[in-house]
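Got some structures for you, see below.
What follows is a pair of complexes built around subunit A, which joins subunit B in one and subunit C in the other.
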Partner chain A sequence: MSRLTEISSLPWVRWTAGAVVAVVLLVLPLVSSEYANQNLARIGVFAVAVLGLNVVMGYTGQVSLGQIFFVGAGAYVTGYGANEGWNIGLVLLASILLPGVVGLLVALAAARLGGLAIAMVTIALPIVGVPLAKRLSDVTGGSQGLSSSFSNAPAWTGLFNDQWQLYLVLVIGGATFLLTRNLVRGKYGRAFAIVKANEAVAASMGISPYRYKVLAFTVASLIGGVSGFLYMAVIQFTSPETMTFGHSVTLLASMVIGGAGSIVGSMLGGAYYVLVPQWTNAIDPNMTELLQGALLLLTLFLLPGGLVSLPRAIARRLRRNRRSGGTGHHETPSARPAPGRDGVEETATDGGIPTERQEQV
Partner chain B sequence: VGQFIQLVVDGLANGSIYAVLALAIVLVNQATGLVNFAQGGMAVLSTYAAWRLTEQGVPLVVAILVSVVVSFVIGGLIERFVMRRFERGDPDTAVVVTIGLLTLITGLCGWLWSYNNQQFPSLFSLDTVSLFGAAVSVRSIGTFVVVVAIMLLVQALFRGTKFGLALRAVAINPESAAFSGLPVGRLLMAGWGLAAALGAVAGALVAPSLTLTPGMMNSALVYALAAVILGGLSSPIGVVVAACLIGVLENLAAVYVPFIGYDLRVAVPFILVFVVLVVRPQGLFGRKVVVRV
Partner chain C sequence: MKRKTHLRMTSAVALVSAVALTLAGCGRGDETGGARGASTGIDDTTITLGVTTPLSGTTAGPGTCTVAGLQAYFGAVNAAGGVEFGDGKTRKVEIEALDDAYDPQKAKANYDQLKGSVFAMTAGLGTPTNRAYRDAANSDQVPQVLVMTGDPIFSDTDESPYQLGFVPTYVNEGEAFGELLAASGEDHTVAILSQNDDYGEGYVEGFKRAIEGADNITIAKELTYEATDTSVDAQITQLAESDADVIFNAMSITPLAIASLQKAQQLNWEPSWFLPSNTSSPGAILEPGKASAFPGVYSVSFAKAPQSPAFAEDEDVQTFLSDLQEYGDYQDPPAFPHCMWSYMAGATLEKAFQEMTEPTRDDFMEALRGITDFTAPLMLEGTSVTTSESGQPAVSTVVVQKYNGTGYDTVEDFG
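Then we have the complex of A and B:
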């Protein structure tokens, strides 16, 4: 395993791998079915939403139940702007900035109370958001919702709508992922991690927990706005139903189950958000919520690091078995990847929200 | 003026129900340092239990009392078998666990009894009586009186009995409590049980007017959490006052502020919290907490 990480840290291996992934992503929308393209695009939409939640919750350790509100707000701004005939770049900008400003204002107040105040305040966002969207019916279309087809494929591309939309998601979502990855691996990411680990220590190191919590929450709501734009581009319809409390909880469950404090975990979370309700609905629509709650609790009990930690958990289990088998095979107790650029993310994943206590009774 | 008095009394009745839920949250928080987002969901489960019993022909009062006892047991079991693992760890993880519990319990109610609205019989008649020239519903007055009685009872339990003293000891310092021979684990279970029992009462009181659905307590949870923030986590009295204040203000705002109206009144506690957090972040009655590294 350690040899594998050694090889994968070689520059030319990384570049080739990146190029292969890029080519696959470029070709994929052209060759897969319409159904697959739509599902992939939806997964991308919610992967971005989960990524935003991860910034504030997974990396900074502040539970937020309001992320879906920013997705909904972004979708409404997009739909409204597109229907008013604004330039599409302007629409994208507005759909990111408006949720960001709202997020900043909420965070400025909520982060003043330490501890769990952000969770306690943000739970109100979806619950206030739904009646608010119905009330502002001039802009939002009220209960009927708002539809917009700005994201139909332009004639010059010769693409089908589903292909064009998937490309939109890949480009905009990919850029968001890249920027966020750089953010959480750099100096801000380290500040987030220390705020998460211990606020008092952070303060003593000159890192203001308040400022970084506000920053993380604002970044999360900006990313939520991006996700809202993509939501409107892919689904072409939004209504107050988009930002109900239930969806907010599902988003949070997706983040924990995918893997808190992990970029790959965010993608897995997006897949969970889109695919698992489809399966549970197929079993019995009345059981969807029950199964979701059970899955979330099971994850917290059995795999606190989320799906992304599954390979490592299996490897650890195998190693332990081998050692107790007494073959005398010598191995370093923790085959952590070589230090370097990768090490940063690994420790961040390890400190992911639910991890630390897996050995505790 | 008649309408005003009516609104205030109805608001106090609603507020007192939020206060019960908020007290349950404070109780758990004092004992274990975490905020139980499933408190409302657990209350809904208790209310469904009471509703099932009344459907079988059990008298309402008996059904509610049985559901309170059952809730006490379930609350204790949840603490022992779900929360215990997460209590000494990171509070954020524990919060996620309670959110998982909320989803699980809501889903369980929806699966067992469908997501349709069920009629829950009211403890009090729907008649109105004249009070200072205003028509006030008996239900509002009855609810308020019941809640005040319960609070006095809880207060008496905590201040006047050995059991209450032990609970407070565990809340203040579990390690020292354990050294003095108190059964900390069982006391924590009792604390969760008491909170669940309080929630059961709140559910039974609020169900007749909201009608029983799996998500019935979601907005009540928002009110209760707002009351907890406003009152300060460390101050039960502050929380009760804040909850009543929220109940009254949201009723008044619904009628006198045209933009808010009945559909947006859930925003009132949110706005209040906003203002208070900016002006006085430790809550109206809370103390500043000093953290040592």
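Then we have the complex of A and C:
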């Protein structure tokens, strides 16, 4: 384990790994089948939605059941703007800002309430969103929905539509992931973590829980808007059904299954959201919900930390086996580091201190 | 050391790029391929049809029926040898059904998954779910036919060259009521309650179009409700004040339909009722709503109801029920008309297959659009499948029926 960490911390290894990932992402859309591209793009859409949810729930500890509303709002703004012939950059901006403004307004009111009361307020969003989308039929197309094909590949690219759409997702989604990663690993991430752990402590340190809750919620709705833009780019259709409450719950389940408070976990959550209905369909289309429920329970029992904790769980098991083999190597299990410190969390530790640092010491 | 690192990195990137480009070269083959220009999903012995429909969630009941009816029909056909196509070959019909849980996003994903292996999409239930992949089906030139939605866009040949709706549009149904009432020759006052969306609007539009110019009909009061409302008591009370003798209730929500029947009785208001085809089930709505108290409850239909005593001995109905049990994996008598509808859609597809002279999607669309006055099994007298009329779904005629306490009888006159 420690040798692996050592190698992966060498700068040239990191650079090469980064370059390889970039090249693979660049080439992947060109080589994979149409269906694989479409699936990857869909995973990207929902990974971004789960990422937004993670900011408010995983990192800041505030239960939100309204994330799908922001996705839907972003999709509607995108569809409307694209059909009106707005500049696509403007459409992207509007599809992020409008859900963000709504999110800010809701958060200003909701964050005054403590604990689960916020969850109750956020439930209202999808419940209001569906009839609202039906009623504003001049803008939203009513219950027949809204389609838009703004994301078809431009002729000059020579690309297939699915390839172009996957590139859009990779670029916009990738940028969102990068920005969010920087946010949660910096000053704000630490503030979120303290608000999550103990609001009184946060306040005593001069961190206003109210302000950071509002901030986290607003960021989540901005990211939801990005996801909505990508939704429209990939699925090219939205209707009030997009925003139903059930999807919000599925997003939440995806976040928990992927791994709460984790960037990689958000990607895994997106994959769960998209792939599991397909797998259950392949097993028996008449029992999809039952199978999904069973899978959810199974993951929560076996991997309470989500799929992202799988490598750690395996490593722990291996280490335990080695210890029982009698190597005598002394190790104490490390306490879970504070959320927002994934850099530490994801490196191997020895006696609670990351191995790489130990060697420096 | 540094130069060496740099060199290694460059060579790694170069290697990956080279592999990737090689793969890219052979990535996209000719997808249409196939023997002698045949479309995807068809060969000399089989044809595969795809279905995306809700099999879980709140619309799972009717959704399951759309698959069961289709499987029942083609199960029986396959057991008898298969369909003899117009090109002289006999093919078995296979059905691949996937669950979309009434989610447009999943419907699109299912379509993306199926389009590489099926010849045509068919029989799926739901307006948003079918709309979600309509554009894609058009640009891929994949037929999306005989789908179970009353949305008129699927029957507009200009907008939807590769689509065709199966069931009558909401306008068709509303019109049938209006025509019956206008033809009665007596004076009637009508109260209208409709769902505030395209569903309710379609019904009311059809109804009003049919009574246009009929002096004997006056609309006393017209109200709407939202599909998300949990009660329409206030609307029923207001409508009762008008003392109309007919209520046209364009409602798609089962509990609300029951509640409105009950509320009218509480208010001692006893009009005749017009109910849309999907909220007029004798067992699920009229009995709990104690509809026998009213002078008449009318609905429209084009399918024989297996529960109705009038059709208990009917040959079509008996074959249908046994096919449904044997091949459709549906043991109980069907609770939703969608079972009958997709059974008829199966018969319509078979009819089109028999006319196909080439195994291509375009030839299939041409054959499908050339059907006139075909009486599919289970169809009521006076209704038929006609696909050649632009702007109309495959079944555009319905007959008005009156509730008799247990089931429905077809009626010619109002009253």
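One rule holds for everything that comes next: the second predicted complex is superposed on the first by the 316 of 361 C-alpha atoms of A that agree within 3 Å, B and C clash if a C-alpha of one lies under 4 Å from a C-alpha of the other, contacts with A are read in each partner's own complex, and residues count from 1 in each chain.
Keep in mind that, in the parts below, contacts are C-beta pairs under 8 Å (C-beta built on N, C-alpha and C of every residue); 3 or more make two chains touch, one makes a residue touch a chain.
As the structure is a prediction and not an experimental result, all values here were calculated from the model.
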Touching partner for A:F237 - first (subunit B), second (subunit C), both, neither: second
Partner chain(s) touched by A:W12 [first = subunit B, second = subunit C, both, neither]: second
First, second, both or neither for A:V23, with subunit B first and subunit C second: second
First (subunit B), second (subunit C), both or neither touched by A:T288: both
Which superposed partner A:V31 touches (first subunit B, second subunit C, both, neither): second
Subunit B versus subunit C as contact partner of A:G142, first or second or both or neither: second
Partner chain(s) touched by A:L53 [first = subunit B, second = subunit C, both, neither]: neither
First (subunit B), second (subunit C), both or neither touched by A:L215: neither
Touched partner set for A:S204, first subunit B, second subunit C, both or neither: first
Shared subunit A contacts, counted only where both subunit B and subunit C touch the same residue: 131, 134-135, 246, 286, 288-289
Residues on subunit A engaged by subunit B in the complex (per definition of touch): 57, 61-63, 65, 108-110, 112-117, 119-121, 123-124, 127-128, 131-132, 134-135, 198-201, 204, 245-246, 249, 252-253, 256, 284, 286-294, 296-297, 300-301, 304, 353-354, 356-357, 360-361
Residue ranges of subunit A touching subunit C (in the complex, touch as defined): 12, 15-16, 19-20, 23-24, 27-28, 30-35, 38-39, 42, 130-131, 134-135, 137, 142-145, 147, 149, 160, 231, 235-242, 244, 246-247, 274, 277-278, 280-281, 285-286, 288-289
Subunit C residues touching subunit A - in the complex, by the definition given at the top: 5, 8-9, 12-13, 16-17, 20-21, 23-24, 27-28, 55-57, 64, 97-99, 101-106, 108-110, 112-113, 116, 127-129, 131-136, 151, 153, 196-199, 226-228
Contact set on subunit B toward subunit A in their complex: 34-35, 37, 82, 85-86, 88-93, 95-97, 99-108, 110-111, 114-115, 214-215, 218-219, 221-222, 225-226, 228-229, 259, 261, 263-264, 266-267, 269-270, 273-274, 277-278, 281-283, 289, 291-293
